[in-house]
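Input: structures, listed below.
Presented sequentially are two complexes of subunit A, the first with subunit B as partner and the second with subunit C.
Let's turn to the complex of A and B:
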């Protein structure tokens, strides 16, 4: 009988930890800059409808950004981005699935700024590559904000930049992620 | 007692199970994305197939500066460098006002003619909920001949210089590569050359494009005039290649038509493909962003 109780309690214990708070947003922001040095035009865009969920217990995290939601200063650039570069009709979303490896050092319920090491797989233009970066998790008055910067080599994701525009479009894109997260109920 | 423990155990197992499942698909916790209605873009690379208006609109807040050249007949040979020694041109400015509304003005060297048009699409091809299979657009335009009066002795009216054309464009982007459109057009001239010439000429245009790769497309543009084309005038047929390079679109083509507006190319094409009376030409389109989009 005692064994049963112990087992039950143990299971409940495990599960409640797995049940610890998850955080999410549906309007996170991802921007990128792929401007070549000396380019007369800025090749930048941002997306403010990024979905993100972070599991506060395990550090697992997932992102999804709709490619067509990236807006550019110039409408034609946006059209070319979707049509010629990332082929948004074929590959509508960019996704990231990974984890914060030092989650145990981050107290989501205590104000502070915590460095976070993030590892995972980024899927873009149908290609999946390993990505590793350091970001930051800031907790202030119960509000959780996760930010990160990293660069991707466009050729890794088979995004082809024709030589004709290589003076404008860089071979790498600097990516900025910023998500204000709310507890998921 | 035993019963309650069992219940707890089961509950614990059950909750554990769902928690573990959720681990794999965190985004799934946010629920399915609602499908949204999405208008089809980039049916053509340009707002013209070659000569005729296409189902494509330029983006709101942009200006399209268009320089069009039509050279002389290729069959003139080296003497006139295959027609390149002679050029007829049209310079124009198009403005994107709404996603489905644009207007433009241009001037051609042929007849020193000014033309202005407005193009509106009440229905646009879309996908997702409430989708529509085709784009239906209308073009209304006026042209004003700028040549000196042919007969200054008679009573001449300004309206005699004017002609109008109205087109309906019904087009569909079938897939990434293939777009087809049908364009019934009526051209009305206030004054015609001969008493026997009709004032109204109706033509049915068929235009399309086949994308060869991301930046090049094969295009064609034909108008069949139903009735009333005076002798010596023929149906215009153009075939071309669209090349897109960043902010520019080059439309290179060969055609039997010289005119660069509907009045001119539908009713005043004198060349015949069968006789090799074709000419090279190009449309150069340069897009300018007048209004910055960013918030």
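Let's turn to the complex of A and C:
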């Protein structure tokens, strides 16, 4: 009887700890494309130092990206981005805090591709706005990858585009997020 | 053509100025970020030394090191390769939560692939920020476009 109780408690412990597992990365990737329609010039950049934590039990998630870690093909574009558009010295990070609202439908310990609905608050350039998007959580051989694509209106975040380059820079930026996650020990 | 030679010289001066201006604008517009292989570091430090500086004096360190080319030496805690083949070399002491995260320039993927965890290495890159430990993941100093200078 004692053995049975001990075994049961052990199993409950293992299951609950697996269920309450947090997943994280420090080398997540965010890229954006703010190329105006018809413009021959690509306004794109990527950042490979994105931090992300997802709570496997509640679906709560957090992202943080250092603005200066966005790399552009052209140095001048990168300088304008940091100095004039997002003012990286004043607002060094972009942050997202929210949750996966259908977390119960996602089995982080079972291979598969699961659609995810993400809701939360995105803070960029000192402005915070509600964001809702769909993404995907893929589990393959124990490796968890979270991806999402969404667009933001630059004016929502008080990122001003000078009229001189309004034919090159789009009013919206398409954002792609991809994070390969590991269990947080 | 020019009755007054002054106009001729003026036109030549204007054309030369326009050509120089055009060339400068073109080259500035197409300027790429310099390769860290060829750039000299502004500061040369140990990874643990700079992490201590950011922990104890974050504001002063931010002013001193952000946007600067740094050459940092330390033990390799981890070598990460993402799905697209990009390497991140993590420098720092094995028991510590704080690290220097060096995103290796794709030009130097071959050099990064030869690095070995647990051995010392020197990387040169641009300091793009310090993330304090507000997500429970440890604090990190971030370096971009890194060149593995010594392995």
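By definition in this document, the second predicted complex is superposed on the first by the 166 of 185 C-alpha atoms of A that agree within 3 Å, B and C clash if a C-alpha of one lies under 4 Å from a C-alpha of the other, contacts with A are read in each partner's own complex, and residues count from 1 in each chain.
FYI, a residue touches a chain if its C-beta (ideal position, glycine included) is under 8 Å from a C-beta of that chain, and two chains touch if they have at least 3 such contacts.
All values reported here derive from a predicted model rather than from experimental measurement.
Student: Which of the two partners, first being subunit B and second being subunit C, lies in contact with A:140: first, second, both, or neither?
Tutor: A:140 contacts neither subunit B nor subunit C.
Student: Quick check for you: in the superposed arrangement, does A:83 touch first (subunit B), second (subunit C), both or neither?
Tutor: So A:83 only meets subunit B here.
Student: For A:62 in the superposed arrangement: first (subunit B), second (subunit C), both or neither?
Tutor: It touches subunit B and subunit C both.
Student: Tell me which partner A:180 touches in the superposition: subunit B (first), subunit C (second), both or neither.
Tutor: It touches subunit C, and subunit B stays clear.
Student: Does the superposition put A:165 against subunit B (first), subunit C (second), both, or neither?
Tutor: first
Student: Mind working out whether A:153 is in touch with subunit B, subunit C, both or neither, as first, second, both or neither?
Tutor: In the superposition, A:153 contacts neither subunit B nor subunit C.
Student: On the A-aligned overlay, A:27 touches which partner chain: subunit B = first, subunit C = second, or both, or neither?
Tutor: Touch status of A:27: second partner only.
Student: Tell me which partner touches more residues of subunit A in the superposed arrangement, subunit B or subunit C.
Tutor: Touching more residues of subunit A than the other partner does is B.
Student: Residues of subunit A that sit at the subunit B interface in one complex and at the subunit C interface in the other, please.
Tutor: Dual-contact residues (subunit A): 24, 26, 51, 53, 62, 64, 68, 71, 73-76, 78, 184.
Student: Using the touch definition up top, name the residues of subunit A that touch subunit B in the complex.
Tutor: Answer in residue numbers: 1, 4-5, 7-8, 11-12, 14-15, 18-19, 22, 24, 26, 51, 53-55, 58, 60-62, 64, 68, 71-76, 78-80, 82-84, 89, 162, 164-165, 168, 184.
Student: Within their complex, state which residues of subunit A touch subunit C.
Tutor: Within the complex, subunit A contacts subunit C at residues 24, 26-27, 29, 48-49, 51, 53, 62, 64, 66-69, 71, 73-76, 78, 92-93, 145, 178, 180, 184.
Student: Per the contact definition, I'd like the list of subunit C residues that touch subunit A in the complex.
Tutor: For subunit C paired with subunit A, touching residues are 28-34, 66-67, 80, 82-84, 86, 88, 101, 103, 128-129, 131, 134-137, 140, 142, 144-145.
Student: Report the residues of subunit B in contact with subunit A in the complex, numbered from low to high.
Tutor: 1-2, 5, 8-9, 12-13, 15-16, 19-20, 23, 25-27, 29-30, 38, 41-42, 59-62, 96, 176, 214-215, 244-247, 287, 289, 292-294
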